[in-house]
Amino acid sequence: MRHIDKTVVGLTIAFLALLFADFFMAEWMRFIGLQSLARGTVALGLLVLWRTGLVSFGHALYFGFGAYAAAMLTLLGYHDAFFLVFAGTLIAGLLAFLLGFLLRRYRAIFFALLNMAFSMILYGVIVKTEALGSTDGFSVLAPTFLGYAPEGEAVQTTLFLFTLVFTYLITLGVHLYLKTTLGGMSMAVRENEIRVEYLGYSAEKVIHFKYVLSGLVAGFGGAIMALAIGQVDPDSMANWTVSGEFVFITILSGIGNVAATFVGALVFELIRTYAFEYAPQFWQFILGGSLLAIIMFLPDGIWSVLSRLRKAEKAPSP
Amino acid sequence: MLTLIAILVDGLIYSSYLFMVAVGLTVIFGVMKILNVTHGSFYAFGAYMSATLVGIYYQTDLPEFGGFLAIFGAALVVGLFFGVVLERGLLRFLYHRDEHTIVLATFAMFLVLEDVLLMIWGTDPYYATEPMGLLGFIDYEALSYDLYRLSFIALAIVVGLGLWLGLTRTKWGKILLAVIFDREISQAMGINVTVVFLVTFVIGSILGALGGAYIAPTISVSPGIGVEVIVLAFAVVVIGGMGSIPGAMIGSLLVGISRAAAVHKFPEIELFVIYAIMAAVLAFRPEGLFAPAQARKI
Amino acid sequence: MNIMKRSGRVALLATGLAAAIGFTAGAATAAETVVMAVPTFLTGAGAPAFGVPARNGAEVIIEAINKGTLPAPYDKSGKGLAGRQIEALIYDESGGGVKQVAEFRNKVQKQGVDLFVGYISSGTCAAITPVAEELKMLTIFPICGTPRIFEEINTTPKYVFRTMGHATADGVAEALYVKANMADVKGYTGINQNYAWGQDSWRDFDLAMKQLMPAVPASDKAQWPKIFSGQYGAEISALMLSEEPLVHSSLWGGDLEAFIFQGSARGLFRKKKLLFSVADTSVYRLGKKVPTGVILGARGPYGIFAANVDTPLNNWFRKVYIDRYSTPPVGGSYQAAQGVLAAKFAYDKAAAANGGKFPSTDQVIAALEGATYQGIAAEVHMNRSNGHQAATIHQIGILEWDKDAGEPIMTKVATFPADCVMPPPGVNGTEWLKGGMKGAKC
Amino acid sequence: MSVVLEVRDLQKTFGAVVAAKDINVTVNEHEIIGIIGANGAGKTTFVNMVTGYLKPTSGQIEFTGRNLIGLPPREITKLGISRSFQVPQVFMSESVFDNLLMAYAIAEETGMGLLSPLYNDERAERVDSHLRRYQIAEYRNATASTLPQGTRKLLDIAMAAVRKPTILMLDEPTSGISAEEKFGLMDIIMDALRLDDTTVLFIEHDMEIVERYVSRVLAFYQGEVICDAPTAEAMVDPGVREFVIGEEYHRTRTENGGSEHA
């Protein structure tokens, strides 16, 4: 009996809808969408870690690394989006692989803060590097796509398409991965590492693998962000507050479903955009207030609203 | 030689500054296991309140040294108010949640309070430099130091010693230590953990506010000062061992002296000192230099 | 199993949100107003030093434009920009380049902004420039300092203008002043925040000094405190122990004020000669606490340097500003006002050339390119970078306290012509400095 | 009968505290051994060393001729020594079924196989038959944290037995279990393990249990093995009577099982 995966179906429908919408969306909305996809992908990595019981307050490290790697390659004359994003993802993943040997030994708040320490070192290095524009950062030219060099609005339309396809594949991949033995071990390691060891597998190895995965997707998000914005700078890419935003999105979304991270990222962008528009002096108040409200009243994130709705629907038929 | 003296003195002053900034954070973490980002707000509110009260005080004809009372009064008012309101109004609903969520909640609260600060005091900076002028300065060859900033050292020692004695020599302190070691067993033994938490949080808040209040006369009290101390305080607390008061002291000294040495010898690397120490300590002693003992697992 | 329900919901959510928000077209612009976005620091450390004074300066001018109460030479061109009222959207510049780019797009595409006059941080300006060009949006930077905007990021701008001199001018004017007034100085060191502005300021001053006073050595231990660190004990000790008598500093805002308090308490300003490149932002606020005898700049002829400029425009501006905000205008106020005036000048000129009809953006741009217009304190020559970069006179002086008036004043002010401190058109600032500042007309 | 486990001159010190001293034990195939001793006598330390959780200060541990010293628990588990815990180590917020599903998956998959789906119908059947063997099938969908203490202990042991270990070490399987339930529980465990011919070492305080299920006894006192003999012999050993049983008798009557230290 073939089991149909509801999330796969849902993701695919959403993917096709957005693919279609790309050509009609208002520009500013597409831009918000792009950012949501980029940040949502980073949050996807945090979701995997969170399910393992780990929270990183320093994933801006990989986000920034991916962004700067892609941006620096444009300085060397590479402009193909496929290459830039692939390279940014890979380099961030490589860094995560190396630091993973150290970080996999830590848990709880130590893991969170050690990540933050590393991200702040990267931040310091960038600030200190005048050749990379220090705190001003530098601009990234519009990318090409396998030889196609769009202009004007087409840049964003194409980039959105590009991002959408890859985000869809990554999300699907992560979703399927979570259903594998290694993916399921997230739960096992979070719940009881001792038991995992005594079942015959290394909890540290599990964590390391997931850490690399989270580094890869954060690098992807960063590279996309660099291309979408056309600018990299340490305050927006590598500061600890950026890491805080990713954790914010993860809390907002809940860790129930991979699709939730993108909804969370979108909600985050919308809250920020509208707070900024209607209360320019007090947008932090609104942002902080919404986060508090979510934590207090929706402990499992906005996805839990959907789950509740589903339960309500289900109720009549046992 | 003169440079060496300068490194030592500057280092001690900066260490004391760090200790005052970090000690409230470590007290709260030690007892409640909460990494309190709102600490930055306590610092900022302490500084603003101090600047305001000092300003009002020096418009009266009261004796000049009374300005110090205004500083301590500001810390007390801010710490009591926010300590009680935040613990009773927010944190107690979150104790059963995981630690990361609580960090995020305090981060959210910090964002909210940043704007509340702006609503109350606006964007203009406040100055309260009178107490600094009162104490004068001392000269030593080409160097000179103002006594006010030297008094950071005294205050840090008083606060550190006071906390240490309070923890080890009083009944209340022993109750706290019991809660630190094992919350559940303490509860089973009849300790009222609710009260312990409230008192701890208020003490932590007062200490956070005191840091800001006492430093206020040396700085321009302006928007954004809270953000800067958060990372600084985190780093010190992580280096020293989260929740350990001697640890916070050693962490402050390590960072303070290293930073002073960097400023005098290699000013280019000043930016990295604190994070490099933090990463190095975490890499070799992840629990920090002075971490409280852990109970057996299996 | 309700497969379709669940998956349908994911899809519904995505498409629903897209439909609800995405397809609503940008807010329609009311036909008879010009929507001017004014991004400036309203929160964070940049707010009191630059952001709020800049907002105040812009507000004074925008209100006068709308009411038609600007004095000469703007008293004849009627109300508004080419007859249309300005609808100002003032918002926060905090949060870094990425967020500001996002916000820029929102303002253009969602709120139908017609032009931008704003941005203070070099970082934001650098991030905004490519987007402004991409979206074909008239953008006037009144303040940000980095020369890179037209030297590296976009060398052939069409939509982006900057209405004040860039940071190279600061370094050159400071070095010229030192050469003229401290010919026998034994060496110099610095204390600058460790971020782009601080690094650029020190580099430009250092390069200019190496050209103008090659025999004077620079310290290899210039201080680099982290931005917003607030505690300068060790740095002040290090400066006291250094051999160089002159200290260059581009500190601003709260950092500058903390440095002044902590330095004053230890007698630093009696032992060393300080040169502050942007300290004018704090002088009125500090009042009697200002360190007297220090060399001071305001990134041009602004703020305290304009206190005695006796023109109808300046007298009017100072009076209105002081009446309204009960403090004199500082550099940021003048610079922002100067940026808004550029819009007034360009729209009116373009309308006149268009037979009195409201001009297109291209016509406004053509009117501003290469023009010379009257700023509050001085004439602004848009004669660099294809007519998109301004050059003005530059002033440096010594700060003193005027006991009788009870306010800080500038003394021994030296005025440098624009062509003396700004690189000639088409020349890169850093290369110009390194090459010996060829073509400078002093 | 062949030797499966040989421990020679095992020693463990924590600073000045001697937790294990001169331990020499030989375990044969299919033996059922009871480990007795007062609290702090070194029983759990012994189990922790054999299973790799603690590294001995000195001494040898050989399992079917292979040296175990320095191996982490997971390697020792893979070689064939599993264990259960005094406080059950299960995945508390998961269902009983999911607990065992994960245990089976980890036992069965290596390398790229880890990236195959966690759930498949064949594995689910193995889990269900395992559940029946340990008589916890009725709790299949219950969350582990809601289980009664005895059931959770069974789940813990069932998870340890998933790999069909050569040796299974049980740390106080009946602690915290009421007197009425404990024999039933032990019967289930022993019956289930007999099917796989598992060699069992278990720590036990209750002498009734020891006498009923065990063929040989290891008695610990202050880190040393003071008696290693067939059960009947051990029960009359004067050392055991003085240092273990006397106290044990007293202890089991006063303890409530609630304050067992984790």
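In this document, chain identifiers A, B, C and D correspond to the written order of the chains, with residue numbering beginning at 1 in each.
Assume a contact is a pair of C-beta atoms (placed from the backbone, for glycine too) under 8 Å apart; a residue touches a chain by one contact, two chains touch by 3 or more.
Since the model is a prediction, treat every value here as computed from it, not as a measurement.
The minimum number of touch steps linking chain C to chain D comes to 2.
Listing every chain that touches chain A and chain C alike gives B. Two chain pairs, A-D and B-C, are compared here, and B-C has more C-beta pairs in contact (counted per touch definition above).
Distance from each chain's C-alpha mean to the overall C-alpha mean is smallest for A. Farthest chain from chain A, judged by C-alpha centroids: D. Rounded to whole angstrom units, the spacing between the C-alpha centres of chain A and chain D is 43. Put simply, the C-alpha centre of chain B and that of chain C have 36 angstrom between them.
Centre-to-centre separation between chain A and chain B, using Cα means, comes to 33 Å. Taking each chain's centre as the average of its CA atoms, chain B and chain D sit 48 Å apart. Chain contacts: chain D has residues 85, 89 touching two or more partner chains. Chain contacts: chain C has residues 42-43, 194 touching two or more partner chains. For chain A, residues touching at least two other chains, in rising order: 127-128, 194, 281, 283-284. Those residues of chain D that touch chain A in the complex are listed here as 51, 72-74, 77-78, 82-83, 85, 89-94, 98, 102-103, 105-107, 109, 113-119, 159-160, 162-163.
Of all residues in chain A, only 50, 55, 57, 102, 105-106, 108-110, 112-114, 116-118, 120-121, 124-125, 127-128, 194, 240-241, 244, 247-248, 251, 281-285, 287-289, 291-292, 295-296, 299 touch chain B in the complex they form. Against chain D, the residues of chain A that register as touching in their complex are 177, 179-185, 187-188, 191-192, 194-202. Of all the residues in chain B, the ones that touch chain C in their complex are 2-3, 6-7, 9-11, 13-14, 17, 114-115, 118, 123-125, 127, 129, 132-133, 137, 139, 142-146, 148-149, 215, 217-225, 227-228, 259-260, 263-265, 267-268, 270-271. The touching residues of chain A, counted against chain C in their complex, run 4, 6-11, 13-14, 17-18, 21, 24-33, 35, 127-128, 130, 133-139, 141-142, 152, 155, 225, 229-231, 233, 235-237, 239, 259, 263, 266, 269-270, 272-273, 276-277, 280-281, 283-284, 306, 309-310, 313-314.
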